[in-house]
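We call the chains A, B, C and D, going by the order they appear; numbering starts again at 1 in every chain.
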């Protein structure tokens, strides 16, 4: 994979965040502060703009730029968390002009680790971690089993990862939040889908679409 | 007439103001500040209490006490205006222990004159004056025509006065207010019944009931 | 209607207990409903007394203190005080130099202060009255109640209070108070009506797409109704109305006043537009207030008050003031 | 939703223009969204930087000035600022004695200030952070986000600011800031939710007969919902919650804070009840604030914050302060 699918990824994320902005905000209104949609729209629009303006040369540089932009533009909890995820993923990819499916899986693992280190949420805490973890594991498992994946195999692995992320997001509904704003609600956070887990699933889906487009 | 019908008058006013408080407030909400009912309830409850506590000896003393109490307790536009009306009426009756229908008519004329002098509203300005003027004139006409009225004639004259007050209040609906808060609305005050004219009609009706009770 | 009150009847007395508990610099007479400076009258200083219906807080009790009022007489919600309050207040603050009544032009306030002033005069007190009538939304005429007194009241109380503090005689203090009023104009815009505790219902109904232009401070509907617009355009309408009545120019003192229910961040947005609109006409907002100063319970919206400054007025505006709601220079 | 704004996107920038126009004592960097003292850093003085989502005005920009903050970093509405703002602000106000970050305990604020502090430290700046977490409505635990920072932020900023003004070293200023936080507790009650410009809908729905107990300052619903009651009883619930967490006694500093949409007269009614409820427990409200200090846009309701005073804290509270929203003694 060269840089193109990574560029497409950011484009796809920005598009689907824009399309789902109100839904994300509505989810955040129920158990948070009604800004998740606006936060991510602001962040990914800026990230897309930065990628266009600065035209990074490698996948690693692109993801790092996206992460830095998110940190600089989003604020809130999701800004530093997603920002760190993209930055750690970018750092993992180094300066290679093209990367393998295994590299991609490793990068996403690094990104997830960054999120967990910064936010110290575990699975089951009702956060983006609940969508990211199964997705990253699904992709990593597929990549680990083989030397390298064909285009079709990678696409299939990403489809499965996106599905896992969606299931992970769905699974946050019955959880009681233990991190982020939703935790203030205690038992009243139960019964609502976590906005960050939902946006995480959108981000993984976007990756699948970017690679198959 | 001795003091008794005057005591009853205040009782009747307090009762009907209490019963019509919400209606008066609603009228005031439309073209004023939604306090006319509360203002008058506070004032006439206090007046009734003062009459009970201080047990004035003459009709004149009673009306003066009521007027002073209204001035002290009501505030707003209606407090000094109704207060002055009762005080001037009381002053006109002097210290006589009993008064004639002509005395009563003269007292109400004096009360109305006090209102006009203080508030400088003319008929047609959409104020209490529009209900008080025809009522006072109706009574004065009946009393002027005769040496003194029989009980039945006085009752009939007061019924006519109450009717005139009611018609006067009704007639404020198409008027554009030129005095009081309603005047701020300019042409938008048209189409609403004036709260003060409405309470003035209640006060005249109460006098009719007090005399016939 | 949900309100933080114990009962509609006890709102004013309960709030006065709160004022007494919160402000050791003030003395509250709960029976007569008067708020004084705790320090008492100063010999030779003109005493400033104001008052009016409650529901406009911090007006007037929040402006009692050094450099501003000597006493405030709060009436029931939106109902003027009664003469007894005004008489008692005047007697208590008179330092021998007389008392100035600052009266907002509403029939109720005018009549009640008038009766009080007559009774004070009968008892030999020196009393002068100044009528505040700055609201350009109401057309003035001999045959009407005249303009309402709104935001300029704060300016009049501050500036006359500063002059009184210097020991100026009653006639001078009244003169400057009238000058401030003559040089001030206000206009208000409501996004929602207010609800009095007694009536429990909004004083008027506005749809989600309407605003009330030229609204009064008692939830009286205004001059006309118009479509909701962005802040910039609402401000232009307000500043146009001020300008039409008294062309703005030069150095001005500006207040952007919330009505009780408007978030402060929106008042700053509004102030930015007011400053721009004034600048476009060659006026400069050299002094300003942004916040809730003359409220209408929970009403949402804003009013703009502009006072055309002179050197004297600027100096008196800048003079020290120490009240619950205005405080500087000391 | 009707709001006095030009657009949901421009609210914060437009409001900052208003802040700049209204307060000559402040300098606003609109691009970076930072509000500074116009006087610049003072050599040898610890610089105080705070910030957080907008919508809580006057917090934090209204507390920039002598005796309080050196700079404030407003984020989008209810969204924490980004690290760049905090870094820039710190660099601009560092007088060589280091910078104190005052951070309300929300994941977003904590993470963004944390990233900023790391980057500052990498560049050799001396940075300390104090976390404000006074809201007893949230049960504290190692496994959760912990308590929210609410009203105590005002106390921390005022008292730490006063100490910083004396030239105290960073460690001392941080120590007193933490002490204020440790001695402070808050509890909020909402009568209505708030509406953000972006979402355009109330953050939760309350019926005419319900209140939200333990509400947060971002329109987060609270600990539980209960029936609407008179002010006295709502206050008892709030004071009970404070007392349960840290028994009230002795001399206390009390804030009765409006949430943006509450009429001031109701806050005074509330304060009267708070003072009584404290007195019933043997505590005395010797210092107080009544008004809008930490708002949630147009939310209606109140919060009570109590700080258990020491001699040192009282002295620092009384020290001069000169900011748009708090001003005394100077």
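One rule holds in what follows: contacts are C-beta pairs under 8 Å (C-beta built on N, C-alpha and C of every residue); 3 or more make two chains touch, one makes a residue touch a chain.
Model, not experiment: these values are computed from the prediction.
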Review point. Within the chain touch network, how many edges lie on the shortest path between chain B and chain D?
Key: 2
Point to revise | Chain located farthest away, centre of chain D as origin (C-alpha) | key: B
Review point. Two chains share more C-beta contact pairs than any other pair here; which two are they?
Key: C-D
Point to revise | Separation of mean Cα positions, chain C and chain A [Å, integer] | key: 55
Revision key, fill the gap. Taking each chain's mean CA coordinate, chain A and chain D are separated, in whole Å, by 32
**Study point:** Rounded Å distance, chain A centre to chain B centre (Cα mean)
**Key:** 76
Study note, to complete from the structure: Residues of chain A that touch two or more other chains sit at none
Review point. Where in chain D do residues touch two or more other chains at once?
Key: 77
Point to revise | Chain contact graph, described as a line, ring, star, complete graph or other shape | key: line
Exercise for review: Any two chains that touch count here, so list every such pair.
Suggested key: A-D, B-C, C-D
Exercise for review: Give every residue of chain C touching chain B within the complex, in rising order.
Suggested key: 53, 75-84, 106-108, 111-112, 114-115, 137-139, 143-145, 148, 196, 198-199, 201, 203-204, 216, 218-221, 223
Study note, to complete from the structure: chain C partner, complex, touching residues on chain D are 1-7, 11-12, 14-19, 21-22, 54-55, 57-58, 62, 77, 191-192, 208, 211, 228, 230-232, 234, 260-273, 275, 285, 288, 290, 292, 295, 297-298, 300-302, 322, 327-328, 330
Exercise for review: Using the touch rule from the top, collect the residues of chain B that touch chain C in their complex.
Suggested key: 25-26, 29, 32-35, 37-39, 42, 71-81, 118-119, 178-181, 183-186, 188
